[in-house]
Structures are given as C-alpha cells and as structure tokens.
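The chains carry the letters A, B, C and D, assigned in the order they are written, with residues numbered from 1 in each.
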C-alpha cells in the first residue's frame, strides 16, 4: 500500500512541476508513503514543516489558490481537527464564496481508523466530518491498486480532496500494474459480486466485508461487496443498482455511528431504493465509545466480519415482504 | 429566546458557585444571551477572553476536570472548528481514556445556522460534527421555554454538552414560567400531534415544520411534528412510536445533507421502523453548497415549509404497500 | 525612502476612495438597505493604503472581516464591491460572498475572511507559491490586534520564518477586538514584540500616518523580494466607529469606550493628516483635493446606482462555482 | 534556593525510578510485548523531576505523548502504569488509555496526551480553576520544542498571561520534533524568547541539571502562588533514544542525527550527573545509590509481573466510563 502511494506521488510530481508535498516529517516519511521523494525532488518540493497543522493546511489553500497543486500530509486523522477551520472554511468554501474566482486543487492526506492499539488520539475514523462539509471530496481506498489510481486522480482533481489511508492497511499487498492508470473519483467498485445481499463499505471495512462474504458463501448466501472508494461524491447509482438486484442492504463503516457513513448510505438506500428492499437496511459501525487502547477492547469496538455475516444471515431470515 | 438563556445562566450561576461563564465578549454579550451577567457576577465569574477559541475551549476542559462547571461561549458554530481538537480529543475523550478518573461538566454554547445573510463563515449548521463525536451531548432548542430548561439541565449535566442557539431565533418569543423547571436531555417533544406523517426536526427547522403542518392541515393531511431538542443522545423511542402510528417519515435538518442529521434520523427509522413504513422515509436538508450571502440564494438553500409540505403530500400519494 | 509626489497623491486618492465608499456603506446600512454584517474601515485607511501602495499589482494580499478598505487599497472596483454588498449577481462574488468575503483575484486580492485569523495561513501559502514559482512576488497578510492572539497567527509567522517566505504580516492594531480592549486581551503593549519569537523583524509604525506605513511596508517588501524572509509590521491605528455597523442599537446603551477615547480616535484622522501634508508641501492645492473628492463621491453614488439596478443572482447560480 | 539533601535524594530517586522503568519498557517493546506506540523519557528525567519536586501533591501537571516520566515524577505507581502499558484492567486507565494517555488524578497528574500541544490549554484550565477556587495551587504544562510551534502554545500562554493565572509552562527542548530538528522548525535558538511576546518571564535552564531545573521551577511556582501569573521555562535537554521505540526498523536505515550528536546526547546524562554530585557532596555514598537502584529494579520487575498477571479488561467495561 505504502509503495503504491509513493509511486502515485512520484509519478504525479514528475509529470507536473506544480505538484509538491508538504507536512511534518515528509522527508523521512512517517506513514503516508512520502518516503524517498525527498531524495528525488529535493527541499523545494518535499517540505518538512513545523508542527502547525492549521498553518500548514492553510498554506496549501494559499498555494492552490495561486496556481500550485499541494499535497498536504497531515499524518493522522485527528490532527485534521487542528486544521479543521482551514479545510472547512477556506478549502471547502473559497471557490464558491468568491463566485468561482479560483480553483483549489489540494490533496490532504492522512491516516484514519483503528486497530493498532494506538490509543484514542491516533485511532479515530474522522471521514464523516469531511463528508459533512460542502465541496470537499473524500477518498478512502482499500487496496494498493485503488490507492494509486485514486491518489493520482485526486492530485489531478481541481477540488480539495481529503485522502484517507488506513493505518492498518499500510502493509497491505496487492497487484499494481506498471502502466499508468487513474481511477475516477466518485466511482465505486464491486469487489465481489453477489445476488442476495449488498454490503457497502470502504477502506479497511471492505476487507471485513469480503471476509464476511466468504463466510456467508459457506451458508449458501451470496453477498455483493461494494467498495465505495470515494465517500464524497459517492456512487449512489452503483449501490442502488445492487440493492435493486439483491433487495437487502448492509452499510458497514468504521466510524462512530451517529451521523456516520453507514447512516448516510442506509438513509439513501431507504429513501431511493425503498421499493427494492425486502428487509430493513442495516447499519454496522464502531461501538459508540472512544477507541480504547487495550487490544481486546479495541477489537470489540471495530465492526468485524462476524458481525457483518450475522447481520446478513438475519436479513436472509426475514420473510420477504 | 435571549432572555430565556440569560435567565437560565443567571439562575444556575446563583445556585452553584462553581458555574462560570467564559468567552469572547461575554461581558457585553454578543449573541448568546450572556448580557447582564457581568453586572451581577463580576469579573471572576464572567470572563472575557482573547480571541483564542482553542485555548478557551481547553480551559473549559481543565477547569471541568478540576471541579468547576464552565459554560464556554464560542459565539458562532464555525468558530468551534478552531476548538475542534479540544472538544473532540479532550472534552469528548478524557473521561473514557482515563478510565473514569474525571467528570467533564462543560457546556459549549454557540450560534448555529443560516438565514441572516451573514455569509458562509457565520451561517453554517455545524451540529452534525458534534453528533459524530463520542461522549459529546448535543442540544438544539427551538423555543425560549425549551432553551431555558435544556440549558439549565445541560449545565447540571456531568458530561460535555454543545448547546446550539439559532442565530435567527434570537428574537423568538414564547412563554417561560416563573417557577424553576428543567428539561431532561435526550427527550424529544411532540410540538404538534398528527396521524398521517411524522416530521422530525430541531431548532429553526421545527418552525418550518410547524408551518408546513399548518399548510398540510388545509389539505386534510395531519402531520405530527417532533422537536428532538437533544440531538445526541436522541430520542429514537418517541420518533419510532410516532412512525408506528403514522407510517410516514420526513427528517428535516438544516445541515449539509451528507452525514447530516436527516440522514441519521432517516437511517434509524428505516432500520428500526421498517415494517411500520408505508412509504420511503424522506430527508430534507440544506442544498449541498456553502451558504451564499445573497438573501435570495440563501433562502433557496435552507429547507422551507413548502418543501416539507410538498414532501408530505408526495408521501401521502404513494399507495401504501 | 520618502515617497514621490505621485505616490503621495496616489495614496491620498486611495484613502479618500475608501473613506467615501465606507461612509456611503454606513449610510446604506443605517437605512436598512444592506443585508448581513458590515465592518467599516474608516479611520484605518492609512494602513491598508500605505501597505498596498508599496506593492505591485501582482503581489498578493489576504484580508479580514474588515476588508472593504483593503480591496479598494489594492485597486478594487466600486461597482462590483457595492453590488456584492447588496448581494447582487454583478458583485465580485456574484452575491455569494458579501461584505466579509469580497475577493478580486485579478488584482491579487485573495479575499476577505469572516474568521478572525483565518486569512493568515492563506497568505503564507501565497508567499510560498511565489517562492516556489521563483517569482519575486510578495504576499501580505492584514489582520487585527485581536487576531494576533489566535493560534493561526503564531503558526503562520513561525512557518513563514522557518521557510523564509516572502510574507509581510501587517497587524492593524486598533486597540479592540470587538468590544474587548487589547490591554485586556494581552499582557503586552506592542504586538511587534512578538516578531522576536520568530526571529524576524518587528516594526511599530503610526498607523494614522500613511507615509510612515508606506515606508515601513516598502522596506519589508524589498527585504522579502530579496529572499530575506518575512517581517511583522504593527500599525497603531483607531477604529473610528464601532466594531460593526448597527452596534449601538444592539448594545442597548452598554458602553465600552470612554468619550475621551472616542474623541481621540476622531482627532487622529489619517485622511485629514495626509490632506494637510499635501497642501502644506504644495504637492497639490486644496481645490484639487476637493475636485478629487467630488469625483469620488460621484463614483460612489454611481456604484450604488449600479448595485441597486443589478439583478439578484439567479437560482441556477446556486449550483455554480461548486466542483470544477 | 539550593535544595536540601533530602530534596536532592528525592530528586535522584524519582529520576532513577524513571530511568529503570523506561529501560524496562524499552526492552518489553523490543520483545514485542507491548501494543501501540511508546515514547521514552530517557535522558530527559531531570526536567520532569526537577519541576515536580518543586510542586505540592495538590498541584497539577499536564503531560504529553512522552509522559511516563512525568507520571513517575509526580509520584505515580509502577504497577498501575505498567499494567496500563500492557492494556490491562488493573492499569491506571483500566487499559483504555495506554502509553499516551496515562493519568492519575489523585496526584494531580491530569493526563498524558497524544496530541502535540493538546495538553497546554488543559493546564490553563487547571490553573484557572485554582485561581477561581482561591487556592494557591499551580498548574504545570509540560510540552516539547515541537509543541511550541502549535497554535495551542501561543493561545495558552497569551490567555494565561492575560488572566494572570498560576500556570508554569515548561518546554522540554530536546532539539527534535520526531525527526525534524528544532533549527529547521523555527528560526530562533531559544524558545524562552517567546515569553516576551506575552509579557511573562522566560527562563532558560540546563535540562540535564536536575537541581537547576528545580530551582527555576521553584522560583516560577512561588511567583505563581503569589498571584503574579505564569512563566515559561525552557529546559534544554536531550532525547537519549529515538522519537519512538522501534523507529530504527521503521526508518529502514534513514538517519536524521549525526553520530556525534548522538554521542553528545549520551554523554550529557542527567542521572549520572546528579549521582556524581551526590557522591561528591557526600549527600549519600555510592553504595546507597546502588542499594536504591537494586530496590527500584526490583519494583520494576514486580510491576511487570503485576501487569502480566493482570486480566484484560472485560468486554462489559467497553461501555463503562462513558456518560456519567
């Protein structure tokens, strides 16, 4: 996964001299795959900053508004809280507020999610905050292939994008072709086809969903797993088409449940796919608590393949209306 | 409305010497009804601060963790973005992270919502961010009566509460009794009973919903309007009971649609009240753009009584399944 | 570096343009003709103009909630400004921004900002951009004394100094953040003092003396263009009126400034001061200034006419200027 | 105010407790026995201990991601700390906090913090609380050089100085924020310089000299207790090891400190320094220090045993410690 991100950054920086990378310790590369870029691109294009998330995020805004394409590495999702104002009030608003006078091609890159016993301050799933923000695109890949294609597309996009890696997917392996490719933002990917129940997820939860689908197969239940990949704008069409086929829907999101991703997906499916539904849509989110440190507790907080599979079995057991 | 808030603050400050008020210009009182308190309670309990939202919010955390009951006035919802880290990572986490070693009785008070041509930076509906945060309670009154009772309850609550006024409800009038009363957090209020469709809202949207209900009456449609009052924890029970009666559901929230309040309410109703639903649940939110300045455009962004009534009529037209 | 007569006249003209524009806006607001919040720049004209006169057209400025004066100082257009204040389709931001969000990217004015301190990091980004692209442009961040207590001030000055970026930080110290006096919001007299904490020059200047501001700005700009990094200029100035228009009604009799202080603020009028200087030094006769004034008043009146007769934004425009 | 022999021995004991605890933690981490991230305090013991020795039990401290040493300095318990690092139910936070979130409210230790700069405003609140309640407690905020570039640092120092609160800000300047040297993150040598920007005293102290830290802290504490407001102490220190345990593998050969620098950091050992002082001044004989050491090592070993044999938190506890 890290290698795919490195490759995406390097390719885009080679292609376009206005692309640069800025953040804390991006030279050595802490998590987000920025390693090795300083050696190739030097001090001017790979910029270590003081620990000042708000100013760094705003520097991205000012640079983007004056012709550059910053990639801003903010390390951990929760650090975006400190940069929230610049992302929401500037990156997410300037173009509209100013009547279209500027484009804002910025990528904010960060780590998201739990599962590494990093404690609450380094384990939160913060993507719903950015999903609830006008004009911010939100991307969350689950595989190296998707990460590379999506990150390249995000860098070329003329709008602000928050790009989430999952801390625990850093070591994830997967095929990445040598030829260049892009993955358009806003397009989901059906990671596994199925006929009985639609499971909608992103990031790490795609893997839990695929595990669940594998387990369900043994029970004769055929689950379709949709990887949203882009969380805003998100691919309602693909999800609704799947639900039209299966009639059953499970939304799986790693975030805190209230106003989280699962609520959004379930609400849209209920609203627009109501007549297709054979049973109530189901939401599976993290348990409604901060993320505990203890591995035993943390595991219990995050949605598991077992939970997903159990929900699917329950849905299958409901008499179709 | 302002007077009700003033009264709530004054009564609680008289009752409990550990309650104090801190924020920018709380002495003169900019919006949140802090006016007049400095005259009664003096410099020590009504504290003007520098413009430093992050430090002021964190001061509330430190004070609450050591035995006080701060009421922190942060003036406008968007200013909470600057304080986001302290609210999410400290106020919303400390008690749990530290294994229950402390309580955190803090109230963050602010203005929310649009309709005053204040421009995007002073017009956002930011409550979904706090609904998506563990251990933060969220309160949003629609009437002076509720505001007073809820604010007093929030101040007595041992957990962090974000209390939202609506900028345009500042002048709202309504009966407030002389005797003391509290309104428990987490309890919705049925502002209008009805048999055909359930409309769920909070804050300013309650008034739009009531207007819609009045219009619908003329068409012979009987709408029940539920004022959630507390957005977290929210009163699923009351809402689901209403839907069990009406079979039709409209969630109205002033926020940006994706991962907003309306999505949450619609998702829960779809998931837990599915068999009661005669038609798809409907969501009405603000249009998915930043809040424009122009009064004409701003009006078009905010959910209107007409939209709500139109949605209700459509729901009534769907053949019950 | 005393400015030439042409520069002096240019500075005076821009200041007068601000004064007359703002007076008109104040009147319109009082008459209930303008939606939203309005913060006037009257009394502070010498700061924005002194700074902008030291800039090139391709230099950047980033402004505040009190931004009308900055737009005009950088060369902005009355008509599009006034139309924006009325929320009309012909405004700078097509009616989507309003008083606190006027921008004119074509003249390097990267926008007013309703968030106190919110523009400071953006200016750092514009300065970074100049550095990165290898131009000798500079970026100016204008902000108030109140903003100097925000985290964004600190992070921005430190970041710009660590990266040695061509950014001039101009603090317009009018002694108040809303209704809170600066003395109560900070434990120091001079915000310029904070520059030492970032290893950059900190200069105090009389913000009612446009030429002094100009000279301080010109020196900082030159230094920044040479690649020697940022500077902080603190201009001591006065807010002639209240924090926001209409505040008297809103404050319902509550006072926060003494009558003496208000009088002092009135007396230190930067416009009158520069006018007297021009006449005294015989840079131009009083009659010329009067003609200029009349012309500007006419332009302001025409701008009101333009704004009034402009259409509201169409409802279709609601979904424009979103994603590219 | 040279500390008495008792105080010197107390300081030494606390420092030694930190050293042996942290060495053990480093070993456990290397063996893969500890979950999560771990940042050790080795080499910086003199700072936390020098400060905490100048405090009363009812004074407050707020800590950082590198907080083990602070807990021990304030009088924390090995068993509950070690159990927390293992994520066990018997830990300080019942296994919910972990290394970066250890707190002991019973001794005024208001918590470590995974957010750089996140604890600083909390300390201001604790100081406010002491002021409000009319006690003469003080609150200490410990933070790193990197944190001094966060907005929270600036806002907190300004707020505490504007309100004249009893808060001591202690910057542990170990020259690095993760892998970025302070020289690259700021354009000044001395963070203490920033104190002037808030009108408060700024003191530089050798952070490897526990007694010097103690004296500086004691002076600041006394001043704060008298109601004279906050102070900033910059303790120049060295991070003996890496930023976080396990970083060598993670950095895969990338270097960010020169061998000379690493050697210099090893040589300025605050513990050895104070030990030599104690022996030289005949405050205690070497044999006594050895006995002490053996006792502490035993306690650490016992703590590991305690932690290992403690149960994991029950799944029911997941929903405890939420809303009151």
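Rule of thumb we're sticking to: a contact is a pair of C-beta atoms (placed from the backbone, for glycine too) under 8 Å apart; a residue touches a chain by one contact, two chains touch by 3 or more.
As the structure is a computational prediction, the values presented were derived from the model and not from experiment.
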Worksheet item: Comparing centres built from CA atoms, which chain ends up most distant from subunit D?
Response: C
Item to complete: Starting from the mean Cα coordinates of subunit A and subunit B, work out the distance between those two points in Å.
Response: 29
Fill in: Averaged-CA centre spacing for the pair subunit C and subunit B, given as whole angstrom
36
Worksheet entry | Centre-of-Cα separation between subunit D and subunit B, whole angstrom | 40
Worksheet entry | subunit A residues counted as touching two or more neighbouring chains | 49-50, 52, 54-55, 78, 82, 85, 89, 96-97, 119-121, 134-135, 288-290, 292
Worksheet item: Mind pulling the subunit D residues that touch 2 or more other chains?
Response: 93, 95-97, 101, 113-115, 118, 149-152, 155, 158-159, 162, 184-186, 322
Discussion item. Which label fits the chain touch graph of this model best, line, ring, star, complete or other?
Written reply: complete
Worksheet, complete the sentence: Counting only contacts in the complex, subunit B reaches subunit C at residues 24-25, 27-28, 30, 35, 48-55, 78-79, 82, 116-122, 287, 289-290, 292-297, 300-301
Practice prompt. Flag every residue of subunit C that touches subunit B in the complex, lowest number first.
Written response: 35-37, 84, 87-88, 93, 95-101, 113-118, 146-147, 149-151, 177-180, 184-186, 251, 254, 256, 312-313, 315, 317-319, 322
Worksheet entry | subunit A partner contacts - residues on subunit B that touch it in the complex | 54, 78, 81-82, 84-85, 88-89, 92-93, 96-97, 119-121, 124, 128-129, 131-135, 232, 234, 255-256, 258-264, 266-272, 274-275, 277, 279-283, 288-290, 292, 321
Response to the item:
Per the touch rule, the subunit C residues reaching subunit A in their complex are 60, 62, 91-97, 101, 103-105, 110-111, 113-115, 118, 120-130, 132-133, 139, 151-152, 155-156, 158-159, 162-163, 320-324
Item to complete: State the interface residues of subunit A toward subunit C in the complex, per the touch definition above.
Response: 20, 44, 47, 49-50, 52, 54-68, 70, 85-86, 89-90, 94-103, 134-135, 137, 158-159, 233
